[in-house]
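Got some structures for you, see below.
There are two complexes below, and they share chain A, which is joined by chain B in the first and by chain C in the second.
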Partner chain A sequence: MVNLIIDGKNVTVPKDTMVLEAARSAGVNIPTLCAHEAISRSGSCRLCVVEVKKGHRTRIVTSCLYPVEEGLIVDTRSERVQNVRRLVLELLLARCPKSDVLQKLALDLGVDPHPRFVPDTDKGKCILCRSCVRVCEEVVGVSAIGMSSRGSHKTVGPPFKEASSVCIGCGACVYVCPTGHIVMQSTGDKRKIWRRTFKMQACEKCGKYFAPVDQLKFISKKTGTPYKELAVCTECR
Partner chain B sequence: MTNVSEIRKKTKLIVKKYSGDKSALIAVLQDIQEAFNYLPKDALAAAAKALGIPVSRVYEVATFYTAFSLKPRGEHVVKICMGTACHVRGAAAIQDKMERTLCIKPGETTPDQKFSLETVNCVGACALGPVVVINTEYHGQMTMAKVDKIIGKIKEGGAQS
Partner chain C sequence: MKKITTALDLRRVQEDLKKNFDPSKKLVTICAGTGCRGYGCINVKEALEAELQKQNMDVEVRATGCFGFCEKGPLVVVHPEKIFYQQVKIKDVPDIVSKTVASGEILEKLLYRDPFTKETVLKEEEVPFYKKQHRLVFGQNGLIDPTRIEDYLIIGGYSALAKALTEMTPEGVIDEVKKAGLRGRGGGGFPAGVKWESCRRAHGAPKYVIGNGDEGDPGAYMDRSLMEGNPHSVLEGMIIGAYAIGASEGYIYVRNEYPLAVLHLTLAIAAAKEAGLLGKNILGTDFSFDIHINKGGGAFVCGESSALFASIEGRAGEPRAKYIHAVEKGLWDKPTCLNNVETWANVPIIINQGAETYASVGTEGSKGTKIFSLVGKINNTGLVEVPMGITLREIVYDMGGGIPNGRKFKAVQTGGPSGGCIPERLLDLPVDFDKLTEVGSMMGSGGMIVMDDRSCMVDVAKYFLAFLQEESCGKCVPCREGVRRMREILEDICAGRGKEGDVELLEHISTGVADGSLCALGGSAPNPVLSTIRYFREEYDAHIRDHRCPAGVCKALITYSVNAEKCTGCGMCVKVCPVQAATGEKKKPHSINNDLCTRCGACIESCKFDAITVE
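So, the complex of A and B:
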């Protein structure tokens, strides 16, 4: 176990815990966008910054990637931290002015409503945190989407900007996206995502469309469960 | 034009050269570009399969580096250095002249597939600035007159330069 101080509170957590988790266990809230329990950490949204004091030096670090240390003094809302966080949010908001998640965060953190940076109009709500790419690779295991280009042209999507042949239409990327950039439309027996239309499977008992056929086929292949068993929705199973 | 099966065959041979090592992806892509003058879509897919890397990841790498091109390029690739030293010594004027001589903008290829024009940020030959690299040959201390001379020479001789 490791002892540290977070916002003046004594906290004892197991070794290898990240400062973010330690703070949450002590009831201290740190805003985050890209930290998700289902995927590995990347520290790309930079909103979870905190000030850590070790000896006589203080540093600004991303709490989601900073492991706890004995005797560490963490300040999650010092003036310096707040300034960094506000700047990060201003930059994110300049990229995605239409994102309601960012707008709400800006309100919570007291970001000046007059934009300092010229807002982008073509980036949608994507903050390039790579969460969707990670979930597709680590959890789903198909790697249907990835980043392309770089700098201001960097975008997320399937390769060659066309419908991916390996995508199973599971929607995990939609689920982890912190800002709601990825659009998935499910209407009746069709589901549209990443420029591709998937046929949905109707539950054999209740008749509700509950999952894309491709996804069930993928699960069947992966787990060896017969397709027939999977063609019943989770509620009727 | 190279057909799909030929592209796949060539790509497989290239991957084999690196014994299917995943970490050799960039080297593989460089060799593919060397073979076809650009990165054909089928070659990327074949390379991904042979290396055991998702296509999305290969596409990520291929689009990240400006040295890779996913569009077919001309026989002669003209790279104008826009690095600081070349810029100060008048690279912009050279670019302007080159655009007018070849009738294309950077990133484009002439309709006869002879020339492609690119701007690069530094070729590491600052003492020679302004520099223009045509295929692998460096032309230092470029002037407007030299642009006509060099391009004319390539056009008439079809000489490898």
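So, the complex of A and C:
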């Protein structure tokens, strides 16, 4: 076990715990957008920064990636920390002015859109946190989407912005997206996502459309479970 | 080459090679670095060879590594007298051969002429550009053909490796490097020996050593010239480092835009392997080590260690958080020691000379020498290797020969895009890692861009921010979005759209970007802005408040006019103006129509009478 101090509270957590989790276990809330339990961490949104003090050295670190250390003193609300968070939110609000998630977060943290930043109109609600890419690679295992281009031209999507041939239409990316940028439309026996239309499987018992055929085929192939067994929705199983 | 199996064998091979090498024999060396190749030195070399053959003279013409004095290329040295010729053209070749090579006669017109004393200089080391240099790492470049391992062996190459492997323990090597005070030449300045020690102590196998040759700062090319000019010195350093750390595999990450560096490194690795200096059981010892070349695609961010690892691993070059250091979890999550190629090239020198001698050069916190690429508004463009602690003034004026066309020095930008601009009043600053950081810049990899009074510091900051915006990997928000917004504000200021409070806003964004970014690219990205605000605040204010660009650079804020007293009506500006904005009758003062003028500057450059005024 490792002992540390977070915002003046003594906290004891197992080794290898990240500061973010250690703080949460002590009831200290640190805002995040890209840390999701299902996927590995990229440290890209920078909202979860905290100030850590070890010996004489003080520095800003990403709490979602910084492992706890014995005797570490963590300040989650120092002036420097709040300055970074304020800037990150100002920048994200200018990038995604229509995101309700960001607006709510800004309201909570008392941040207003910066009048000097001209809001973007072409970025949707995507903050490029990479959660969708990671879930597709790490959890689903198909890597249908990825990042293309660099810097401020960076975008997320299937290769060459074409319909992906490996996407199984599972919607895991929609599930992990913190801002609701990815659009998935399910109507009747069709599901549309990432420029592709998937045929849905109707549950053999209740008849409800519950999953794309491609997804069930993928699971069947991966697990060796006969397709027929999968063609029943979770409620009827 | 025959395989060298022991340290003794190496000495024998070196001595045999030396025996066949007569220093009193005639030899012509020609700089064949990329700069001189641009001037056509390969044609000069071929012409020299053809002429020597024609005149029945058996003299070797050796294409060597970069001499550093790029301003005056192609550069030729006639040995044994060491007569130094500059700006040599094919038409000069017959005279060089029939007069200088044949009978030692000196061709005055090809000698370097001191622009101040107007006297000619006979030898390389007497040229002011070289005089104050301390060419520890770079000095051998002009002697050896980098494609021949024999040339490196003649000058004692690989002796340091033999010494390390047979007379020193790995810990002993690390100790020596620590005592020498060698700090990372890639920019960070981290003590190399300390890094090696942590990597040696780290658990995990295999361990890797990496030579970072992903030089990407605008205007910087010393790493390229080192890899091109003396590739074996980099290899030798890496092999010694690998022995000290306990690494079995190494990579040199070199950008694909450096084809000559890639070629010379490839040849060097092959030759070293053939000679038994790389590969299995080096010099007959238990130590085995191999080096691969990884060609980079040109992303600036790949010079950052964790992005570089990602790139070698076959992923997009994006940095990751380094709370667990690379010496513990680096390439493929294995202990990895990454150093810049210049750092590696210093290692054989330390082992050969001993830490004490090495550390006698430099300042208290920064030992040895540093190679800088001196570019921009400077008379002598080139690469200078100087002892740490030399002043900026000595570099700019004594070596660089001052500012061209009688203009005034304004600032020197060091450390590349992550560095800062240092003003004239700090010219007597001793150059070392800590001093440069103190004044808001950094050593960086060694780029030094000199600016004169016609450089607008807001424009300079805008240029570097635009570069960084393009080169940001885009992973984290402060760097991707923050640098972009800073560039937008700077663009506004340069276009006359600046607002009161913009400077304070730039400072606010800077603090957040520096504190909040994931890697050092974002962390240091605000430096060009902060240092120009710190030293040239009045220029920002002039742009924002008075809509005026004091240096006459920002097109939206300037107008061109003709000084009727100076104008002779020669018609040059009328001829060169691409948009017919300059008009006038012959022999009468001309005028410029500012509605048409695009402020391209062609008229200013063409006017011999300095009659065009920018306001």
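Couple of notes before you dig in:
We adopt the following convention: the second predicted complex is superposed on the first by the 233 of 237 C-alpha atoms of A that agree within 3 Å, B and C clash if a C-alpha of one lies under 4 Å from a C-alpha of the other, contacts with A are read in each partner's own complex, and residues count from 1 in each chain.
By our rule, a contact is a pair of C-beta atoms (placed from the backbone, for glycine too) under 8 Å apart; a residue touches a chain by one contact, two chains touch by 3 or more.
Being a predicted model, the structure only gives us computed values, none of them experimental.
Put simply, more of the residues of chain A are touched by C, taking chain B and chain C as the two choices.
With both structures placed on the common chain, the touch criterion links A:68 to neither chain B nor chain C.
Legend: residue contacts after superposition of the two complexes on their common chain; A:160 is shown touching chain B, with no touch to chain C. When the two complexes are overlaid on their common chain A, residue A:137 makes contact with chain B while staying clear of chain C. Touch criterion met: A:44 reaches chain C, while chain B stays clear of it.
Using the contact criterion defined above for the overlaid structures, shared-chain residue A:117 touches chain C, although it does not reach chain B.
After overlaying the two complexes on the shared chain, residue contacts for A:92 are found with chain C alone; chain B is out of touch. In the superposition on chain A, contact of A:173 is made with neither chain B nor chain C. Touch criterion met: A:147 reaches chain B and chain C at once.
For the contact definition in use here, the residues of chain A common to its chain B contact set and its chain C contact set are 147, 149-150.
Looking at the complex, you find that chain B touches chain A at residues 41, 44, 54-60, 63-64. Of all residues in chain A, only 133, 137, 142-150, 158-160, 164, 166 touch chain B in the complex they form.
For chain C in complex with chain A, the residues that touch the partner chain are 299, 316, 320-321, 323-324, 469-478, 480-482, 484-485, 488-489, 499, 502, 505, 508-509, 511-513, 515-518. Listing the residues of chain A that touch chain C in their complex gives 42-46, 49, 60-62, 65-67, 80, 83-84, 86-88, 91-92, 94-95, 116-118, 127-128, 130, 147, 149-154.
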